[in-house]
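Per-chain residue numbering starts at 1, and chain names A, B, C, D and E are given in the order in which the chains are listed.
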């Protein structure tokens, strides 16, 4: 049985539905990537699961952790889970740390909360964690404030804070987006290193397919509040079945090819308040038909492995052939 | 930190200098000080002596310098009404005013901030709307209307409290209530929006994601951050402790600084008015300094960078 | 190709005055750069944040005056900012920003914003103005009916098209694109990059393309300069720099690019953070993070030197092959 | 210590008694203390009778604090009664000799002697070396400065207004003094009981460190002495048990300054105050309706007037000023604003004039005749230019409403009068800018027509000093009134002066007699005098 | 595309109206009523403002011909109230606009020139903040005498330092990056940048500040009138009516009641509108 299991999770803000029934299972120790463009509902899924959405959000469906229902659970119960079982780190590390509290205290807070450590004991553990996430000279810097750290270091502190509760699952919400390329690489390395050591599960939310492929075993691609494709990482990149996944991959400039023309996905992401009736991707899809415009496809297991929600999935051999088409009009 | 303090002090000094200049300009432009100080019945030789003593025949800039020198030696002149030193008159009145404004400030803080925070934590609830409406009502009712109505209810109709004067602590209740109601409204409204803003910040979400109980999120993470803007307003209120009760003192015949201002202004008692301006400005500037230091304590980002960096 | 811009040993220092009487500290954002921009080429400038690439871009446009050195545009020095000549020169060179939403006035329709350079430089009036705006909108792929929209009513990609249309309005010869696609989603990024490429080819524009996204730079640029802490550490034709980076920093940058489906294998992960420009290391600024650095690197600041088509500033001249293994 | 030993012992005795006696008994044994809410205690923050020449000063000074050689009959016709002097006689037209009452004690225990009287009219205390009209100063040795105290610059001016020709006071013996005037004056006795001529203790003056100290606690012979004075806040007078007139009936009188009418009324209603003074007539009904309270109303010897300024180009024409006087419906004002509780006098005359047969029968205020006023304006060729009206905000009871009514009445006949609100008298008198009409009041301080007409509108009157008014004939008549001893000449002079000042070349016009309204607790059984003064001596206190 | 091609300006208005809560609609209604009253005061008031009837003093509310009663001089309270609304609104509007213009200009100057200009502006702002406005007004009015123009000008200084700080801050952040920098880069003159771009963009924040200042000025004027330094008789303002009516609180409460209610409701309405506008327009709140 899966460790965390999401079933038909739906979220609406002010009557506008942004998640349309998400199903996702995460096994113990598994690293899964959640990929998609901004606004597709990647973060909302997990904020909803942990009860971190503002009051105006309406959440339906089910998220279970070892069989324990999280949706609609009382606040105190959720507080037992947050940080201790499931930890979460966010995109903008600098503003995600309390600016008026010393970082040592912020990390220590989690230790006290989830492991009952106090005083000198807690301090030693904070130093160990800061060392572990690669903050040099931790002894001196434990009493500094977040603004005295760079963005990358703040992200390391966030990770240390998340690790303090020894969670079974870490949700990393775009942890590298705001960072420089070299620092991105450092954080990715850190995350996979920690996973190796602790064996915790990881959900890696990102729009950067490259970053996802670097740390995850499996990935789910989201579009307009739905999962459109899930597969293990190698197959997903080698043979994307959903036209959107394929488009995403093609749009990435190839570092090894010379000045070849890029292949964009035409059009824009639909407004959640005015989704097309059928498949949400249909208006941008080169393969769409009348069927796609009228009916939304369900997620279906594919013969080649993985699940895809598309009436006309791309076959493996086509993928290889159809690269670098000239689509510009 | 030293440089930070020094810069703030220089700024404060400049502000005081501007106030002194303002006082000088207003007072010099409003007529012949000799005539005003000595009264219209003064014999000519008295006027001449006065002019010579205060250097009124010197060029204006010399007068200004002399004036500055005088202020620096804490000589604020004498009241034209009874020849007693202006600074003495002013200082005598301060305790009475503080006896009203300090309890009022405490009330404002103890009621206004919790009400605002409560409203922010229960946004869109009945309590929230109630707080908003009550607070807007609180500061839109002119204090003289409020004061008179309170007297009518509690002193005249119910006969619970005295209507004016300064004889016992019971006399202070109505003026303090009148003073604080408006401030409570402003503070509640301000705290509410400061708190709402802070609650929307990413670090609050981080604290929640940590599994911190909601109470701790509010107390340890939201409030210390919301305190930064609230301190500004509180600082302003602290600065107005001395001069903030002009109207209320008039209604309740409370012999504080406010009454002195009104009376001195009505009598054109130049020395006293100028002394009042300076004392009030100084208290305001002091409060601003305190606010600046409080910022430094509350928000490490505003502190001067340590040398290690 | 003739030289459009010639950058001669420019230095830009910012003084930070924290307080009225506080001691000022100096930050060298750009620390001695020689560079030429040739007519009709796309020059890429890459580097981490704080490396001075945006400052260099602004100096290329004359938006900032270097504290030392000079920028020569078509044989003439840049006029001082905000002078009449300087303003007139704006019609010839344009900047495209990273964040199109911030670069656009949210209270003006996009048509009016596209028309602004024409109004400012008195290039068109009345019907001619309207026609020119319509033409520009068509050129960047905006629909006619979007003319009266406000920026927030458009998607990110469309906004960047508006910014591009506005930049092209005065028919400039030189364009600096400062991170033009960083704020855009991947699928949209490709649309905008394609547009820039097409325009460049069609109008024979000269372009400086500043980005930290090496994949995009690789795709669009003819030539690339890599900056580290205010200096150019390597400069070479695009193909060469990515296939065969010479400077250890460039090598690390190129290897840090996440490649879909390739995991973390074969990466050079740099330790540490880019140093603070206010507190730059002695010698080669990169030496504290460099895996090849020795005492000499800490003592001597290397100059740019030519190595088969590359210009690189490194005392070690490490060959690229070493990391591929 | 200014308190004498006996008094101190008395205080100790009282304190000791209060410790032993139970509360109820203590209340019976102790004398009552009263609290009086007033709009203003003093204008000048001093208790110097020469400095604080105001109506509010009269209330706190008389008859409780300051006493003169001759006293006023406050509860009666305001005429002279023996005070610190038991008898007085004229030596000639210019000289008067007085016998001092023996055994009178000052608050500091000193006995009143001729020296104190001499001091009270000395250069040091009053005249500062200013010359009396018509003669040289007599007793030079009296004017050597005794201390470094600086006399406020305004006092000599005020002093010479009341005593324009006093050459000096001579101490004949310990209990006899002679006042020498430079000119003949029939009103010397009157001047002796007028506001100012009260006696201060010489030693207290000499011992005070500064004028301000002295003026905050003047040592006099009155039945009550200053216990505590906090300017703009309160004045507490405490019984002076050595008072020559017997033990005062009240233990303490507290005047508290309550500037708001509503607050004074509320305080009276809630029992906070025993008296509330300076009530506008509109408040009478509220207080009268409250159980246990009553309102004492009395017309006082003071007329409300409007003063004209002849400097004003338009007002220079007497026809315009006459138009002003005829367009006022005085009855309407009295009925509306005063509830009919005051009267319209016979021009600038008081009933007291009758005691010396100086009352001009048949004289009256100008009749209310709008048509006449319009006609006068037409004759004057008035074009409707604005005439400024400098106004204080309710310095006098009903002042602002009265002014607004006047402006409206003047408007009815075509006079364009514009109100300019001012903060204080200095602004009213400010020579800068145009003046037109202003408010004033005229008091009868001596039972003789020289007050107010000569004192206020004569050559040294404030109206002429401020250049509101001048008239050669008035000045000549003033000299007659001041110096003549012939009753017939004087009566003719006053009749002529009334004619000039109210009709021919109007300096002012009388609106109505002033009245004061004092709210009080009914059970106090106290009577108000026809004056601002509040009599708290034994004769007027029966509780 | 999901966004309907509509003309933007009217749409903004519809959106604002549709989403306005009832309370704000009532507030806007009240403000409009007040503004209309102020504009058409001459047509609306039944009598001349100084018309008095000494025989009909202190007539209670509901007296025929005097709906809201008469005051101590027998003047119609309704007439006085209408005129007061005009005068008070005029002062408050005049002063609010003055202080907004003055403060914004100084703020922009500080942002444009920086250096000593900025230091000077900020020093002046400090000075203004250091001297409680009530005290400053008392001093100035008492020593220079009270006149309508002086009153408006003085009130026009109320809160300018807030506009200056806001305008300076916004202008600096706008020109540091974003649209203003973009327009400068296009070659626009500073005048064009400030008037065509920065001003319209900061206008919403400034308008919100104005809705905060406006009621404060009404209250300030009332306070000064209460102390006898505001609008002078026979002219009248809301505060002046309350000030003179306070003596009649027990005897003829309607004199004070009507203007008090107008003051409270007007300031309340403007505050409500301001709060709502701020929530709508100020991106920092959301």
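What we mean here is this: a residue touches a chain if its C-beta (ideal position, glycine included) is under 8 Å from a C-beta of that chain, and two chains touch if they have at least 3 such contacts.
Chain-to-protein mapping (UniProt): A, C = ATP-binding cassette domain-containing protein; B = ABC transporter permease subunit; D = ABC transporter substrate-binding protein.
Just so we're clear, the structure is a prediction, and the values are computed from it rather than from any experiment.
Here the chain-to-chain distance from subunit A to subunit D, counted in touching steps, is 2. Any chain touching subunit A that also touches subunit E appears here: B, C. By number of C-beta pairs in contact, A-B leads when A-B and D-E are compared.
Subunit A and subunit C have CA centres that are 30 Å apart. Note: centroid distance subunit B to subunit D, computed from Cα atoms, is 40 Å. Taking the mean of the C-alpha atoms as each chain's centre, subunit B and subunit C sit 52 Å apart. Rounded to whole angstrom units, the spacing between the C-alpha centres of subunit C and subunit E is 48. Multi-chain contact residues of subunit E (touching two or more other chains): 3, 142, 228, 246, 249-250. For subunit A, the set of residues that touch two or more other chains comprises 268. Subunit D has residues 260, 262, 423, 427 in contact with two or more other chains.
Within the complex formed with subunit B, the subunit A residues making contact are 47, 50, 52, 55, 75-76, 79-84, 87-88, 90, 92, 95-101, 109-110, 113-114, 140, 145, 147-148, 158, 161, 165. For subunit B in complex with subunit D, the residues that touch the partner chain are 31, 36, 38-43, 46-47, 50, 79, 81-84, 89, 148, 151-152, 155-156, 159, 162-166, 250-253, 255, 259-260, 263, 265-268.
Touching subunit A in their complex are the following residues of subunit C: 48-49, 155, 157-158, 185-191, 193-194, 197-198, 212-216, 218-220, 238-239, 242-243, 252-264, 267, 269-274. Touching subunit B in their complex are the following residues of subunit E: 123-124, 126-127, 129-132, 134-136, 138-140, 142-144, 215, 219, 222-223, 226-228, 239, 242-243, 246, 249-250, 256, 260, 263-264, 267-268, 271-272, 275, 284-286. Interface residues of subunit A, counted against subunit C in their complex, comprise 37-38, 136, 150, 152-153, 180-186, 188-189, 192, 207-211, 213-215, 233-234, 236-238, 247-249, 251-256, 258-266, 268-269, 328.
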